[in-house]
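Labels run A, B and C following the written order; every chain starts at residue 1.
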Amino acid sequence: MRIKLEKRAEPSRFMLFATPVAAVVFTILIGAVLFDALGYDGLGTVKEIFFTPILASYKWQDVATKAAPLILIALGLSLGNQAKVWNIGAEGQYIAGALAGALVAYLTPGVASHWIIIPMVIAGVLGGAAWAAIPAFLKTKLNVNEVLTSLMLVYVALQLLSYLVTGPWKDPNGHNFPQTAPFTDAQLLPHSIAGTFIPPGLVIAFVLMLAFWLVVSRSVYGFQVRVVGAAPSAARYAGFSANGTVWSTLLISGGMAGLAGILEATSQLGQLNLGFPSNYGFTAIIVSFLGRLHPVGVFIAGIVLAITYVGGQVAQTTVHVPSASGGIFQALMLFLILAGDVLVRYRLVLK
Amino acid sequence: MTMDFIISAIVTVVGISTPILLAATGELVVEKSGVLNLGVEGMMLIGAITGFAVTFTTFNPWLGVIAAAAAGAAVSMVFGVLVLSLGSNQVATGLALAILGIGLSTLIGAGFTGMIVPQFSSIFPSVLSHDPFWRVIFGYSPMVYIALAIIFAVGWVLNYTRAGLVLRAVGENDLSAHSIGYSVIGIRYMAIAFGGAMAGIAGSYFSMVITPMWAERMTAGRGWIALALVVFAGWKAGRLVIGAYLFGALMTLELYAKASGFQFLPSQFWASMPYIMAIVVLAVISYRDRTGSEAPACLGKPFLPNS
Amino acid sequence: MTLMNRRNFIKTVSATIALPAMAAKSFGADTLKVGFAYLGPVGDFGWTWAHDKGRKFMVDQLGGKVVGDYVENVAEDASAVPVIRDLAQSGHNLIFTTSFGYMDQTIQVAKDFPKVMFEHCTGFKRADNVSTYNSRFHEGRAVLGTIAGMMTKTGTIGYLGSFKVPEVVMGVNAFTLSAQAVNPNVKVKLVMIDSWFDPAKEAAATETLANLGCDIITSHTDSPATLQVCEQKKLYGFGQGADMSKFAPNAHLTAIEDIWGPYYLSRANAMLDGSWKSTDTWWGFKEGSVVISPYNAAMPKEVAAAADKIQAGWKDGSYNVFTGPIADQSGAEKVAKGVVMADGDLAGIDWFVKGVEGA
């Protein structure tokens, strides 16, 4: 008996929705077996990683806090991925956005009005977009692969952050530790919206999810992005500019990453230091694929990934698995969702 | 500056460049076949822990290196099956491989922290390997010569043999290679396995040659520099060697500058140089040749013969 | 690979779904739960490894009276807050946060848990339920400096640092001043590698220092890389954080061992007998937080005697390496003759003493 792949005439709608769910379920099952085989409490591990964060209400705020930047970044990345523009440098744009926002804060320590948040956030968006403009420029002018350039720029951004917090922006009252001065009260957003567990970033992510949904499903631009990705020659025929799509998707995804960066800095950390980069930009790529590049899917996938982060930390204290476990579960999930893709386009036939 | 001083500096540069060169050589072959595998860092760490663990158990570093290569190749097959047989996205799959390798090496390595292993002995007589002058040629770990032999073999195969021609054809135009009867998928599988094996060996260089020990994430991001190096070299084997030693020389130069109290640019500038240089080179070669033909034309694209 | 049959499968699924949140395991009412937040992996064989050894010591000493849990690889960003809060919420009454970067996060969480006691390592912000603690590693550096100053033949000693933070600067200065005390012409070449952990770069930096004429090289980073290179090059070096003689039996002169166990034990005991108070603790040789490993047999007797004397001096308070006159790199006097630098000045120090070259 052999299993053969047979191409479907049309992508399966059912599989499109079923495979992400199946990926999560299989991650849980494989994870349980794997961790048991490695000598840990497999069931306990998956319970803590996937279920405790949902069941324990006091963990909701942590999940929401982790989910906000992931969703914001992944919304932008999904748009580009639909056009087959692969921005994998969101981590760098996230840092660049935070730096640009912090620059505004750094220049305006005396401003006591909360309105200063607005220019900070705008600067964050622009900073992220500017960092993404470099690969966009190189791609459209010189046909340079954006995967490579955006990835390289992550490491340049990391060094830039390191330079600023150990050098010119170092807090003079910080006992010489590598960090900027804390933002002033006016420059800070609250950790969460008063009376709730929801961080401001998640509200913005929700609103933007609706906006992206509208754009992707209802606007000509959303159509253009999909056509450029799926059928470049048809797109040319229809008069859609491939270069314009590269520019717009990279600027939008960079801007979203920058927005996530400055919101994280001003609502959660309250300053910048060497520990600021947290790999959200890379994890958001998993979120984007797990969410099937759809804004609503991305929102849900962002929460699922946030759950594995939070749960991974819980599992360390309760079932004593190493911190690397969370990463293994995330990688497994991404492998399975990518493998599941094949079922959308093909059917399995037994011969 | 004495001869001895210069020779010592060269020895340092060669030592620090070798693992990057090893990993980049593997990735070069992978990319030449039209596949982009971003999981180098993860495969290196798998190689580092496997090489260490096997050497620790067998007391034989040669077995350790072979095991590291095998482990690197094995873990790269996860990537291979996904992107080749199931047609999944290469960028995302490669990143997942990097995450998996970092996590898995940590889990496997938990019991090996603080252990020590026997080291390679020199393959040349001590008269040569410890000679103040001749050590510049004979004074390295055997892995250094293996790395050089492999890169020269790869360069030769790529440029002067039929196998290399086929590999490049698969990377440049998979559909025509397919139509004249070559197995695009089969060739790419082999390229990915080779890339994994090389990354594995590169990882074992950290845990067995530079510092014979195991520590989590001990490759400290060299896998990403290897990716930058392939780009910097413009997908050419000869430039890969030059680029690897140039990257190593830059880092060493910075260390000398610091130790001599001579520092006219912040160290972060130097640390970001490999990446900036890779971007600049990429831009320059693309500017010279608007078709971007230096990069394999099919790089990162799935092979879809029926669509 | 375990095959999963249908029955197992169903068992797994139902167990996974049916399990209630039973995070709060039942311990005796008098069991003290102690939580630790670690910066690195427990397997780093450096900073976090030493803290974890201290945790194990505390647990061993107190038998069944205490449980010690930890979370490793906690990023020094906003995500440290949920980790620390989680430790507090899951019944840990005493929580150690073991890196500088958790300072504000610790203070923030402590506000919400007035009944939980927190201890932040290397920081300077305290509250009614937040103590701070650190070790006087620079006391140990003065012993290493004395040994290096007496044993160097070239008169040039290498020093490999991570970042220019007070902890490192203090160590460099203590090392240099003590070396100069026994060998006035000694020079210390300093290289910062901008990382706490990067064995390949540490190895390259060590080779660089050796090539620049250093015959003894010490390090303030987290791996034994420096020692391993010294061993290959037949130079001398020192272990950092733990006895690393296993990695370099000939090169390893001695090591500064970070011993957190006694402090963790004393604080856990304070919790058990109800005497815990917010304090700022900075222990050294006297209290057993800083320990010098057994000397290498190759070390001459008079060097060992001098090193012992420094240790004894720290213990009985008759010696302090930061006693003036001390000049900075430019030669300007920073501490006047006979004056001992205050702890507060040390804690924020950002200048190197005369005789330090590089960085």
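By definition in this document, contacts are C-beta pairs under 8 Å (C-beta built on N, C-alpha and C of every residue); 3 or more make two chains touch, one makes a residue touch a chain.
Not measured: the values here are computed from a predicted model.
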Contacts common to chain A and chain C (chain labels): B
Most distant chain from chain A, judged by the mean position of its C-alpha atoms: C
Inter-chain centre distance, chain B versus chain C - centres from mean C-alpha coordinates, in Å: 34
Between chain B and chain A, distance of the C-alpha-averaged centres to the nearest whole Å: 28
In chain C, residues with contacts to at least two other chains: 41, 194
Contacts with two or more other chains, residues of chain A listed in rising order: 162, 166, 322, 324
Chain B residues counted as touching two or more neighbouring chains: 106, 110, 216, 268, 271
Touching residues (chain side chain C, partner chain B) in the complex: 40-41, 43-45, 49, 158, 189-195, 197-205, 207-212, 223-225, 228, 246-247, 357-359
Footprint of chain B on chain A - complex, ascending: 7, 38, 86, 88, 134, 138, 142-145, 147-149, 151-153, 155-156, 158-160, 162-163, 166-167, 282, 285-286, 289, 322, 324-328, 330-332, 334-335, 338-339, 341-342, 345
Parts of chain B lying in touch with chain A, wherever the complex brings them together: 36, 38, 78, 82, 86-89, 91-93, 95-97, 99-100, 102-104, 106-107, 110, 216, 221, 224, 227-228, 231, 266, 268-269, 271-272, 275-276, 278-279, 282-283, 286-287, 290-292, 295, 299-300, 306
Residues of chain C that touch chain A when the two form their complex: 1-2, 4, 9, 12-13, 15-16, 19-21, 23, 25, 35, 41-42, 69-79, 81-83, 85-87, 89-90, 100-101, 104, 124, 163-166, 169, 194, 347-350
Of all residues in chain A, those that touch chain C in their complex: 28-29, 32-33, 36-37, 43, 46-48, 51-52, 55-56, 58-59, 61-62, 65-66, 162, 166, 175-179, 182, 191, 264, 268-270, 273-276, 278, 309-310, 313-314, 316-318, 320, 322-324
